[in-house]
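These are the structures in question, set out in turn.
In what comes next, subunit A is part of two complexes: it sits with subunit B in the first one and with subunit C in the second one.
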Partner chain A sequence: MAKLRGTGIAAVNYPTGMNLGGDPSQALIHATTSGSFVVALSSTDLGQGLRTVIGQIAAETLGVAADEVVIDTADTDTGPHCMGTFASRATHRVGNAVKAAAEEARTALLEVAALELNAPVGGLVLDGFGNVLVAGDPGRCVRVAEVASKAQFEYGRTISGRGAYMKPKSPVDPETGAMDPDSTEAHACTIAEVEVDTETGQVAVLGIRSAYEVGRQVNPALVRGQIVGGAWMGMSHALYETTEPYYPNPDHKPKDFSEYVMPGPAELPEIDCVVLEVPSSTGPYGVKGVGEMTANSPIPAIVNAIYHACGVRVDDLPVTPEKILRGLEAKWATESAAAAGGR
Partner chain B sequence: MPELKMPEPLHVVGRSVQRSDAAAHVTGRTRYAGDYTFPGMLHLRMVRSPVHHAMIRAVDLSRAERVPGFVRALTWRDVPHNVYTILGLIGVEPEEEFVLAQDRVRYKGEPIVAIVAETEAAALEAVAQVRLDLEELPAVFDVEEALQPDAPIVTHWGSNAFMFEGHPCRRVRFGDVEAGFAQADHIVEAVYNSSPIEHAPTETTGCVAVPEADGRFTVYTNTQALYFSLDNTAIILQVAGKRLHFVGGTVGGGFGGKVDVIVEPIATLAAMKTGRPVRYVFSRSEEMQVSSTRSAWRIRIRDGVMRDGRIVARKVTSYADSGAYSRQTPYALTKHAANAAGPYAIPNVSIDAYCVFTNRTPSSAMRGFGVTMASYAIEVQMDRIAERVGVDPWTIRFVNAYRNGDMKPHRKLAEDATLIETMQAAAALVGHELTDEQRAMTSAPRSPGPEGSPGGEAAAAGSRAAGAPASAGAPAAPASTAEGVL
Partner chain C sequence: MGSRIVSFELCGREVEVLVSPMATLQSVLRSQLGYTGTKEGCRQGGCGSCTVLVDGEPMMSCLLPVEDVEGRRVTTIEGIAPVAGLAPIQQAFIEKNAFQCGYCTPGMVVLTKTLLDHHPSPSRDEIIDALGGNVCRCTGYAPIIEAIEAAAAGATTDAGRDAGDWPDPSGER
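Presenting the complex of A and B:
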């Protein structure tokens, strides 16, 4: 009996967006009297940080600080339609819609600022810190807050914007499968290191290290959060989770987390990553979707590492200690039969 | 390495701005759907099938109605449009799932009667007092058994396969896979299986439906798709969409499990029938046992491989276990078919992806929809191929990696490929020494170099025009030998 170590690799790509398109998202933006902006959506934040990321895209496009943007989501009376948060689509689709809405609102803002500064709209720039400047004439500037207030009370104008994004729905050829199933593709390559205990069949995951290419990162800390969380989920899928432990036999379904076992903090390995940024042509500021894919490459990387460690390939997820022990027994039986035959 | 072109200096995008909801989340002040309470709020609990497959002979509510706190029961007769399919909104047919079971249950846990009561405890007690008279039917649980001619039929249309425009599977046909196998030095075959997986969100699926004074209904919900849930609820209840107002946006974990529209229609119906707010939030055991799962998969891969590791033919036959109803799973099969060849340039590909109905809890969308288990199967298969051919696992992936300008099997030109650069970065991260050739590779479109020059053969394989016969553009193959062939 021994503890055997091995490493495994997996490389994947993953499509962004509902695969055949036809999944619109829309956004509305308006300025308040004090120069903040409210983004109205019906999009949902699943805990991944959509509100924050969408706020950053809005602030970037409007040319104001991130904390000047309020994300009002999600309400079907006030927020325009969004297909939903799934298919790694929200940063791409909602981000594009918000960027378009922010561009329209920014134009409206600059039109009022042009009246205030007595300068052509085309000669104005937003500095990203709440000021409108006349390009090349740093002395002439006005606060966004002042423009917003005057738009309301002196000019009687709205500073607002509408935005929509949709990849048109595309058909599938039922004979050949010809189709357009993505808006862009993100990539990952994961190396897992494991230690297999040949007496108990237990697998300890020692490391999950990955390179990701996800287009432009809007918020690197949140991207890293997805990668670490996804690595944990992938490890859990590879080694622990199922609602039917003897599938296709439907018995022994768990009722709670004491029966549906997942790795806890003690089982978590070192998770490390590097992130490449190759902007997509379709995403706002070049983003791709990183939401779903982070659970994918860790699964085969761990399964491959187990084989590298102990010579047992389990082609049936999850790879439980029972399956590893049965695999080891079969392998040892074959080996001893071969040895006996060779004598 | 393709260059990141900054169109202009960015101020906010690209910075790790602290998330706006962090303080509320970590101090427990975030308000989730199940946290909403209203005066007079009722509680809904479900009577569910205790068996996998049965005819319903009778339902006796008389004892349940006598439970103190019982308010009313809802059966299928109360549901205006009781047979629906979630994906009907995007044109997927047929309608086949029952909001509440009529004469038959197709999985253990299928909802039959909704009980609305003054308290959760009273609702649970009344549920326990409902008497079901069921006639059990043979059930089927294995995806390939379900496709046999003598299998018990789960659906109402006489076959356990979802029909994709006249075919019992989603097909991809690219090149000539049999010609590819004929020229291959090795055939590598394996079957990969996975079991159903629960989304396991921290917050279980749920909503509170509130009748308003103006005749509208406000629904506080943790759906991942607010309008999708509203529009499906309007269809099931046969009311104008303007009578519904859905509020959400804060979800304690979704992973695809909250794209199904399961709780909102029946809770809103109960609010309509009683005139009172109704709360319907899954218990943890409901979330584990009757909320939809990630599909179980069986994926057979047969690859034809040249001596140097190039894959010249890949045939994939996949079965996704949809359980008793389709929910989002048919759409997953299409996404699966688009991705089942992996991020590799393979000149001859054939994919048959079946969506199969069985007598188990329906599966539906989950993170990686149709692709997660394809990636698992393909990436373990790549290691099998590497071992057979006698190259290392990195080399087998570099040799076959797709490039920009390659035609994918679903006939779309690759345009955002960075697999090679990503693998190079991963090798640097873990200190793996790549060969000079691997270090020099990029995802740039292949130049049509002479065959035998670096990249030339693979280039011919990858950039071959769609639909051309395999023999025309496929790489020149060394003479096939018996060595190593299955």
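Presenting the complex of A and C:
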């Protein structure tokens, strides 16, 4: 009986979003009378940071401060359509829609500002701090808030924009099989280090270290949060979580939250990552996506590390102590049979 | 058994509330008193999202009949922050990005408060021990542990604030 260490590696190429036709997201933006901008979406923030990142993209495109942007994801019944937030798609798909809407709203804003400043639209710039300036003539400027207010109370105009993004359908060429299977791909590679206790079958994950290439990072802190949380979740899928431990036999199904097994802080390995940025040509400001993909490569990396440590290849998740002990027994039986046969 | 009136101290303020038999502190806080910071993950003691302090000790409010806090001192997440600004623990959670969906956060912050009250500079193992009953699905715990370490290193807890500073989410003040 021993504690055996092993190292495993796995990589993932992750196509952002769904890619076989469709996968639309849309956005509407309008300015309030106070000069803040409301971005209406049906795209849900479930903790991945969508509101923050989309707010950054909208603010960057509009040319206003991020705290002047309000992301309204209140109601999927009444908001512009979105396929949903999954498949690491939101920053890319929703970001593209919001960027388009913000460009239209920005033009509408500058048209009113041009009336106010008595200058051509093409000669105006936004300074990112809530002012519209006449380029080359810094004395002539007007507050965005004033433009927004005057648009509504003096000019009777809206400052608004519409945006949509949809990956075009890509039919398969019947002759060659060629098609365009994705809009962009993010990449990751994970090295996992484990220790297998051959007496109990327990696996301790010691380290999950990854390299990610996710296109331009809109918000590096949120990217790291996704990667660290995703590494833990990958470990959880690899070793712990299941609703059907003996499928199709229903025995030992977790009946409630308390019986559903997940690792806690005591099982936490050392998690580390480096992030590379190769901007995509299709994403807003070069983004790809880094959500769901973060739980992918840790799983095969851990399974490979277990094989490296103790020679047991388990191809059925989660890798429970029972499966490891059965695998070790089978391996030892084969080895001693071979030794007896060779004698 | 009919309804009865239970009175206790909630975040520095005396409250009296008419409750039905076996109502939990969690449901009374959320549904009757408007203190919705205390979350409701499982209602069976399995997640810690409902953690509150009773006389300074952490309790899962989903398992606690409200009658059991008669005459006692209850602190929820609403009582952790000063009226303006944030408690150092909350600031540390922000700086370490220690939440994503935020569902576990009120329980985690309340738990950290009592941990640091008892152990101003806890070891990593003591932190891990303290977190044993609180589940987080998003962060992988590492940022939460870092936030608790940072709050401890700042050596500041929000002890000593007088009761008049507690915020009152029901707006009655």
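Quick note on the criterion: the second predicted complex is superposed on the first by the 312 of 343 C-alpha atoms of A that agree within 3 Å, B and C clash if a C-alpha of one lies under 4 Å from a C-alpha of the other, contacts with A are read in each partner's own complex, and residues count from 1 in each chain.
Rule of thumb we're sticking to: a contact is a pair of C-beta atoms (placed from the backbone, for glycine too) under 8 Å apart; a residue touches a chain by one contact, two chains touch by 3 or more.
Fair warning: this is a prediction, and the values are worked out from it, not measured in the lab.
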Which of the two partners, first being subunit B and second being subunit C, lies in contact with A:268: first, second, both, or neither? second
Between subunit B and subunit C, the one with more contact residues on subunit A is chain B
Look at A:233 in the shared chain and tell me whether it touches subunit B only, subunit C only, both, or neither; answer first, second, both or neither. both
Look at A:221 in the shared chain and tell me whether it touches subunit B only, subunit C only, both, or neither; answer first, second, both or neither. both
Could you tell me if A:73 is touching subunit B, subunit C, both of them or neither one (first, second, both, neither)? first
Quick one: is A:251 in contact with subunit B, with subunit C, with both, or with neither? Answer first, second, both or neither. neither
Quick check on the superposed pair: does A:46 touch subunit B, subunit C, both, or neither? Answer first, second, both or neither. both
Shared contact residues on subunit A - subunit B and subunit C: 46-47, 49, 221-222, 233, 256-257, 262
Mind listing the subunit C positions that touch subunit A in their complex? 41-42, 44-47, 97, 99-103, 127-128, 131-132, 135, 137-145
Touching residues (chain side subunit A, partner subunit B) in the complex: 7-15, 19-20, 22, 41-47, 49, 51-52, 55-57, 59-60, 63, 65-66, 71, 73-77, 79, 81-87, 128-129, 169, 172, 174-182, 184-185, 187-191, 209-213, 215-222, 233, 237, 241-245, 247-250, 253-257, 259-260, 262, 272-274, 276-281, 285-286, 288, 291-293, 295-297, 299-301, 303-304, 307, 313, 315-318
Provide the residue numbers of subunit A that touch subunit C in the complex, in ascending order. 46-49, 221-222, 224-225, 228-233, 256-258, 262, 264-266, 268, 271
The answer for subunit B against subunit A in the complex is residues 1-2, 4-5, 7, 10-21, 25, 52, 90, 108, 141-143, 164-167, 170-174, 190-198, 200, 223-228, 230, 244-256, 259, 284-285, 288-289, 293, 296, 321, 331, 334-335, 337-339, 342-343, 351, 358-361, 365, 367-369, 371-373, 375-380, 382-384, 393-394, 397, 401-402, 409-412, 414-419, 421-426, 428-430, 432, 466-467
